[in-house]
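Here's the structure, in structure tokens; my notes come after.
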């Protein structure tokens, strides 16, 4: 094997890892949006968001295998259901605590996360489930692009397209529509916004609905991509997505996308080139470093402590 | 707030009395299952210690610490490794583990405690996950997923502890020490500074309280109590494994103090005393499939308590009131002494 | 003092037993729920079958046997709690159990302190044997299994370059070390080793590295829930020419649902069509009771319950006597003849057993055409 060959092998290894990393990053970005929007509006880390993502995967799985719905119907229904879940979650758990100390809301969020995770454990059991291949569109399992040693599957392209598409739509909603303006107003000052005639609770519900829809969608895509659906899947993915949101600058939708991408690539390259044992550690370390040294994230605005 | 004056026992006597009663427990004949009951009680007391330690951070200073299990794990591994490699006595290991816990508490706390509440919570979470990752992967030190078997049991005056009642007495002794420290702290300058921070950070700062220094002290003391709990746990179980220090443990301990009353020492202890044996009862009553989802109940407890009874079973305010009364009485008696009859 | 207590309890129980004629408890501790529940299912089925057979033929010394299932979720903490419960139950004189080695290691000190003998049908980790004189197992150890796999990969499959994808746990790492040691002797080149943790589902970064190494085969010394994901993600990355193989941890029907796993082979302590004549009745009864072929967990737990029953039949319900009885089965001549071969213990309570190879053909487990004689 000549040195040229070696170089070619090394570079295609790198490119393939990059493809893996970008796909993973797209998924993190989709989940991170939910954290970042909710945090932007009510300054709460919605720990239960990872569980919405998990529920998305399980709901789609149940619709496809038990109700025998076609995949794309299940996909859309799941997204709708997840946004309802988001609204419900806010209504039941967080709304009563709007005036309470932040510690109370945070503990409630953790409680909800644990409750939902174990509820899923009771309903679906702890064994890993996967979508039966014959019930999915056949195109998903086919490679779209094979360049030498590099493979890109249709599923990867599907995931990335959806991520970019929905990010663009969200960006539009936040900056060009009335409800988006209301969201931004609330994130600046809840009380004044209410005095200005903004239905604060309605806008917060909308935020939860959109964030949860994206989370549920991410759940389905990940369930497809890795072939694995299980009750604790939301816990690690959720934390990593939160790290991505922080990395990009919390409260900032393009930031979530950037953070997701960077974190996904860092994690995959770290696992590929540094140590696969410390793979999860890389995300946590990145997160801690960002929080300590640049809490406003890569492209977030420095916010300063609100007094 | 109503000021009921309660006669009966002077407050200083209640705790010693409870301890005396606890000392009698092993000698109540419960038939063949008495050892099992003792073991459950030992677990409950261990969690009381852990909960008292955690309570210092969210309870006294109002900061959410999700990484407590990291210090528990550090203590357990410090204890296990010292016992295996250096054959140190438990009475050396205990302070060393506490010191190591405090050291890590300061290392983590000093840079992170200036963060706002939610960021602090998430960083502590990241820390505890990193601790477990290191324990799992650094085989040369911890044997990683093989666990650390063969930890020698503690001994006292040349007598090696083996029986369940001996461990029960040992853990009660530790509880007494921790309880003493924590009650003294609560009623000290340090404790009052913490409560001030919990009440209103900015106001506290304006009163001249150095926020970072007091927060780091709280975090370090909390960490060292967690590490002491871990040190006992390793010596008691004689085998430790990275899986024993998962995030769930942090949640369970948090649940104990939220249930009992965040910030209130008696509430925290009551929380452990109710919820830990309850777990064992659930184990007996529920079918296994449901039992493995028992954290559902803990999650629900957190949510419901926050919604309807955020102060817990024994609210912090009442503890505060008692403290205030005691301080008042002290001042009055001192004044009385000065002025003469 | 301890002994006094124990003797007292045992005699108390024996009195009670003769007076009321209640059943002899044999607890079986394994994960029956959780991720490894499908392993536990085999253990449960095998034990219950043996229990009902013993009862059908008159029980032990005229008393019925009651198999009590104790679920420990493969979690060391749960295992310790279960062990405490069993150790303090005077009606328990022997335990069949623990499947995962971390659970076993957590339970060991408790059994040892209570002088309660235990026999594991499935815990293969090397370090366990030396930990307690009260612990036995009727399954081979990982050092043997890893060595066997290396030999099979070399002599039967002719693999020259192998990559290893292990889980960060005691079982997987023990197997990997044993495999690597033997592979070095045989001249199999280990291209690389990569790790994963049990809660991961994304194996692509590590597999991408393997892809560039172009191995003849990828050795997965882990458990089936992750094993099946690894195989399908490898195939989706375009790793097509490499074979996949694993150890008894992959011996699970979960693998059969994965069309990409065709051709994968594993070691196993028991194969229905390679088992001796003794096993024929067991296999028939098992098929009738559960509608499928027994796997090795079922066969070994059937034998473990058999051993426990044989011990109680011989020496009664004294814990120490049972331990001495099991320890005395130490030569091939004195071996307990079970459905999964002869069981006899060395001084550590470990045993030597045959290993077999099975592979996935047409979506079913079948015995590999070529077996390796030891």
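Order of writing sets the chain letters: A, B and C. Residues in each chain are counted from 1.
Here is the rule we go by: a residue touches a chain if its C-beta (ideal position, glycine included) is under 8 Å from a C-beta of that chain, and two chains touch if they have at least 3 such contacts.
These numbers come from a predicted model, not from an experiment.
Colleague: Between B-C and A-B, which chain pair shares more contacting C-beta pairs?
Modeller: Pair with more contacting C-beta pairs, B-C versus A-B: A-B.
Colleague: Select the chain at the greatest separation from subunit B, using centres from the mean of Cα atoms.
Modeller: Checked the centroid distances; the maximum from subunit B is C.
Colleague: Using mean CA coordinates as chain centres, what's the gap between subunit B and subunit C in Å?
Modeller: Distance between chain centres, rounded to whole Å: 39 Å.
Colleague: Between subunit A and subunit B, what's the gap in Å when you average each chain's C-alpha atoms?
Modeller: 34
Colleague: Quick check: what residues of subunit B touch more than one other chain, meaning two or more?
Modeller: If we look for residues of subunit B contacting two or more partner chains, we find 136-137, 289, 292.
Colleague: Quick check on subunit A: which residues sit in contact with 2+ other chains?
Modeller: Answer for subunit A, listing residues that touch two or more other chains: 125-126, 277, 280.
Colleague: For subunit C, what residues touch not just one other chain but two or more?
Modeller: 33-34, 168, 197
Colleague: Which bits of subunit B are touching subunit C when the two form their complex?
Modeller: That would be residues 32-36, 39, 136-137, 144-147, 149-150, 162-163, 237-239, 241, 243-244, 280, 283, 288-289, 291-292 of subunit B.
Colleague: Give every residue of subunit B touching subunit A within the complex, in rising order.
Modeller: Result: residues 58, 62-64, 66, 111-112, 115-119, 121-123, 125-127, 129-130, 133, 136-137, 202, 247, 251, 254, 258, 289-290, 292-296, 298-303, 306-307, 310 of subunit B touch subunit A.
Colleague: Using the touch definition from the top, list the residues of subunit C that touch subunit A in their complex.
Modeller: The contact residues of subunit C facing subunit A are 33-35, 37-38, 168, 194-197, 199-202, 204-206, 208-209, 211-212, 225, 229, 232-233, 236-238, 254, 257, 259.
Colleague: Hey, which residues of subunit A end up touching subunit B in the complex?
Modeller: 43-45, 93, 96-97, 100-108, 110-119, 121-122, 125-126, 235, 239, 242-243, 246, 277-278, 280-281, 284-285, 287-288, 291-292, 295, 305, 307
Colleague: Name, in rising order, each residue of subunit A that touches subunit C in their complex.
Modeller: Where subunit A meets subunit C, its residues are 9-10, 12-13, 16-17, 20-21, 24, 125-128, 130, 132-133, 141, 143, 146, 149, 151, 153, 222, 226-228, 230, 232-233, 236, 267-269, 271-272, 276-277, 279-280.
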